[in-house]
Amino acid sequence: MTSINRRRRIEVLADEPLISAIVRIAADIGIQHYTLLPTLGGAGSHGRWRDDQLSGATAKVMFLAVTGDDHAQAFADRLAPLLESHHMMLMLSDVDVVRGSRFA
Amino acid sequence: MALDALLQPVVLFFLLGAGAAFARSDLAIPEAVAKGISLYLMMSIGLRGGGEVAETGLTHDMLLAGGAGLALSFLLPLPAFWLLRTAGKLDRTNAAAVAAHYGSVSVVTFATGSELLRQAGMAPAGYMVGVLALMETPAIITGLLLARAKANDNLASRGGMLHETFLNGSVILLLGSFLIGMIDGKEGLVAVAPVFDVPFRGMLCIFLLDMGLIAARRLLDRRALTLRTAALALVLPLLNGTLGVVLGVELGLDAGSAAALGILAGSASYIAVPAVMRLALPAADPGLYLGMSLAVTFPFNLTIGIAYYGWLSAHLLPILAP
Amino acid sequence: MALDALLQPVVLFFLLGAGAAFARSDLAIPEAVAKGISLYLMMSIGLRGGGEVAETGLTHDMLLAGGAGLALSFLLPLPAFWLLRTAGKLDRTNAAAVAAHYGSVSVVTFATGSELLRQAGMAPAGYMVGVLALMETPAIITGLLLARAKANDNLASRGGMLHETFLNGSVILLLGSFLIGMIDGKEGLVAVAPVFDVPFRGMLCIFLLDMGLIAARRLLDRRALTLRTAALALVLPLLNGTLGVVLGVELGLDAGSAAALGILAGSASYIAVPAVMRLALPAADPGLYLGMSLAVTFPFNLTIGIAYYGWLSAHLLPILAP
Amino acid sequence: MTSINRRRRIEVLADEPLISAIVRIAADIGIQHYTLLPTLGGAGSHGRWRDDQLSGATAKVMFLAVTGDDHAQAFADRLAPLLESHHMMLMLSDVDVVRGSRFA
Amino acid sequence: MTSINRRRRIEVLADEPLISAIVRIAADIGIQHYTLLPTLGGAGSHGRWRDDQLSGATAKVMFLAVTGDDHAQAFADRLAPLLESHHMMLMLSDVDVVRGSRFA
Amino acid sequence: MALDALLQPVVLFFLLGAGAAFARSDLAIPEAVAKGISLYLMMSIGLRGGGEVAETGLTHDMLLAGGAGLALSFLLPLPAFWLLRTAGKLDRTNAAAVAAHYGSVSVVTFATGSELLRQAGMAPAGYMVGVLALMETPAIITGLLLARAKANDNLASRGGMLHETFLNGSVILLLGSFLIGMIDGKEGLVAVAPVFDVPFRGMLCIFLLDMGLIAARRLLDRRALTLRTAALALVLPLLNGTLGVVLGVELGLDAGSAAALGILAGSASYIAVPAVMRLALPAADPGLYLGMSLAVTFPFNLTIGIAYYGWLSAHLLPILAP
């Protein structure tokens, strides 16, 4: 039976122009691997949006990274103060992976 | 040219899009297609402008217009900032962010304006495309200075903000196509004219349909717009545009080019500047600056502004021209 | 015109798409591109139709054709419903949903038909585009009445079903473009003709390639289609189309327009109606109604139906015309 | 260390024409904030699909909302009877968020 | 109150040309239902990627399936030896569903 | 034709894209648009080639060129494999995967080459499009044999690898369009020429802008490329291209067609072959084969290779032709 390890799944929903900054922050902390997912639209405390913005300034992208507890906590600590001002949403959850050493 | 301009297909399609959005229809242009057409418009504008400049060569007017454009983009945010702070009652950050938008330019307003001026026999000179490219970014710098943005802000310093500003895809594409147009000249472009010249106006129709949808939807969700800021979104283009036309005429530009300088000065960015502001001034409200520039100023310029700048230029020229 | 029509590039590209899908090739047109072309086709059809109507002005024929179209869209679902219940052995909900599709129309069938008729020297009048727009929605109402759909259904009442029906993006775009065409007239549209007129047929080729892929893939995954329903998907267009042609000829329309009325009556919706049905009659099986309209009726009309309606109209005219 | 709260992550996969109804149902219950995500294709008991449907009638969209236990339960109760008839899939899972009060 | 059952959520991130093979492997094991989600880009031990690859050879797709414990374990066992060589990422997590019998 | 070719808009847009990517600009063409244009290019190439063949009918040259193309695609991987193993120091699997790419062809290199040759008065014959289609897949078979790929590999056997190879969307579309062109002939295609003929070169510009961006970004992230493999990515097209030209001239093809055979032989696949290799030889590094074919060989052919093959063909013809 394949051995499975519990890790943390980090998801950040953020405006597209902020993604490169988030990638760099993650890298600083030691989270080098990630995947970006597209979105279509939504609504939050700052109103509705659709991914048809010409400028892409308010089109949102989902940043996904699987990592260890410590890295996840460090990332959350780093991002928490920015969530409100930058209209971001951060989600953390448990996930099981094979090859645990790759997701430290 | 006013009513005539309103009845052009390009404007009617904008109104159709706006009407559909107000009626809450689900009409939508796929994002990838709209993006593709916007890239097309920039390639086309650049190539055609460059091709014309290749014919005329470097002229005195060109340098004057370029200098005027640079100066306008750097300086227009200053009075705008003052108005936004006093009459608009905005805080420093929001006022600075909005001011940057009004110092910069809207490529599609310029494109539509050029077509409508051409139709009226007042085609702007090819080099105005170069001026358009020059005017995109300086206002961003003034805006950031006005906001006293700290360089050690958490995200901006990491996100390569300067890159976003100066290597913005649309600026690069516009300048690059302008250069290619200059290298190949009008004859060199004949083989690609069936794509980059002939269909331009029709493509603009499709794009303006989308702009109508987007602008109206933003107006419907106008939580960030107050009566004051909406009014300023009408006043600013009028002031800036008038200034642009007067300056153009004073510098001795032809009527079409002076009108185009007015259009550039009077238009507000909704592509390059918002992307930078989201990163550099996250505390500024995108609902506010996109609401003003996209949902109020853009429709105003399209339906009234362009016709006014054209009229003003044609009437000032005999009086003011040096 | 039958064999000739089959060998036109538009039809051949449809067959190429179908062939590729049957061979289980991975050929696929990006969804955004296909959607973009479908919007283009509606703008183009609308503009051209409107431009022609601007030339002829409001005529008696126009009103007759419009009235006939409305009546057909409202009433055609009734015999269809009866056939689907009896011969097709469908339950009330499914029969009603399918009947609505056959009362409504397919824009692309109309577009292809118009091109093929034009090729054969039987171009339909410009106002038939208006008839097309009129026929899109009435059948939906009849279908919902037939289904005895309860208004207090959980999702439909919340989902703004009426909106979906009457402000459907494609209807708005078609009607809006038709109006713009009428306002600007043929001369006003010259500047946009390189986009909305000249390339129409080529764009149709690309779109039909995609339709071939989609129709054939749906046929391969035909879990919802029985022999009975597949047969009805051939019988219904024949019946409805014949009715449309006869009515058109009786009303005194020219051969091309009568054929176009047959094409409209004989075609089945696969864009506007399914979207409404998913919301209003969720218990109806989308595999069934899309399977019938898209995978059987559409290919049938494209390859045989259109040619037959054209032939019928040309031969009935000397006999029946008032 | 940033304080983290456990909330419920609701995901509903539904045909595109149904999404606006789902958004309204969520709003009725008090779930005002959501994000929509695109899909490419799939297979279920009603057959295979691909997101190349002209009509969009059978193209699917993922509705995502993070909310409190009570809201999540109310939403599940409200949607459960519709899942089968409307070909939807509902998933609920745990997720940790910062600023817990925003996700009540 | 709607009855809710705990199941396993399987997610596999893989290059687009591999997806049809993954779908078949899942079907072999008895996982017939799935959903495919698009991605935009990312970075891993084999470098950065963006979904602008002409060939689609290195564009990635997310395969999502909700299933029972046994099926999930069997799937993980089957895929684990391929993860490294085929540059895939496998995630398993808990998810609650209504109509548990559909997700065996 | 060398410098002239470099200054054509098609090449300049490629360089613009590459420059923007090297400057790390965020310029990007939406994936759906790029995919759409790539499908368009294949339809256009196919139709035009088929239309020309319909005029000339089946000729001796055609069969010779087809045979030569097949042979080249099957055999070119052999010397390439040897070079990659020895000079390139690659393992068996990687060498085989790369070799398959160089035996196969690049549609866009062919398209650009044909345009540049046409410009220089050396238009290749229409049947070369058929040769292009023939050359896409045989090299894949040779590559897999060289790799000694086991058929019971876990994923490939399940993924329908043969399908991927022979029913690859681009091959089907190219061949299908070629066939449609042959059926309808040049006159039959007149109605679709405004889409499939006239705008070809302009569309190629947009596509090459995207290719520039993609190639340069891949070069920047060149973790898989060594100096040895990068050098081989220059040597292989030169060797294969020279072989192709010589063979073409020896077989008595006209200068343009011989040059086109050189372009085909010298070009490397980056669409069909990588997709198959990901499935069939997952252990081979996509960074390596895409890096070599897309980031080195493609730009080399575009800027130098095509001009060289054209020059070679024009100069060998008087000497070698039978």
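We call the chains A, B, C, D, E and F, going by the order they appear; numbering starts again at 1 in every chain.
Criterion: a residue touches a chain if its C-beta (ideal position, glycine included) is under 8 Å from a C-beta of that chain, and two chains touch if they have at least 3 such contacts.
Since the structure is predicted, the reported quantities are computational estimates derived from the model, not experimental observations.
By the document's definition of touch, common neighbours of subunit A and subunit F comprise B, E. Shared contacts of subunit C and subunit D, meaning chains that touch the two of them, come down to nothing at all. Across the two interfaces under comparison, A-E and B-C, the one joined by more C-beta contacts turns out to be B-C. Rotation angle relating subunit C to subunit F: 120°, from a CA superposition, given to the nearest 5. Taking the mean Cα position of each chain as its centre, C sits at the greatest distance from subunit A. Look at the contact of subunit B with subunit F and you find different residues on each copy: under half of the numbers used there are shared. On a Cα centroid basis, the chain most remote from subunit D in this structure is F. With centres set at the average Cα position, the gap from subunit C to subunit E is 39 Å. The mean-CA centres of subunit A and subunit C are about 45 angstrom from one another, to the nearest whole unit. Note: centroid distance subunit A to subunit B, computed from Cα atoms, is 34 Å. Residue positions of subunit E touching 2 or more other chains: 37-38, 93-94.
For subunit B, the set of residues that touch two or more other chains comprises 28-33, 35, 160, 164, 199. Which chains touch which is summed up as A-B, A-D, A-E, B-C, B-F, C-D, C-F, D-E, E-F. Those residues of subunit F lying in contact with subunit E across their complex are 28-29, 31, 34-35, 38, 154-156, 158-160, 164, 210-211, 213-214, 217, 221, 223-224, 270-279, 282-283, 285-287, 290, 294.
On the subunit C side of its complex with subunit B, the touching residues are 30-33, 35-36, 39-40, 43, 47, 160, 163-164, 167-170, 172-173, 176-177, 179-180, 183-184, 188-189, 191-196, 199. In the complex of the two chains, the subunit B residues touching subunit C come out as 7-9, 12-13, 16, 19-20, 23-33, 119, 198-199, 201-203, 205-206, 209. Touching subunit D in their complex are the following residues of subunit A: 13, 37-45, 60, 62, 73, 76-77, 79-80, 83-84, 89-94. Subunit D makes touch with subunit A in their complex at residues 1-2, 4, 9, 23, 32-38, 61, 66, 93-99, 102.
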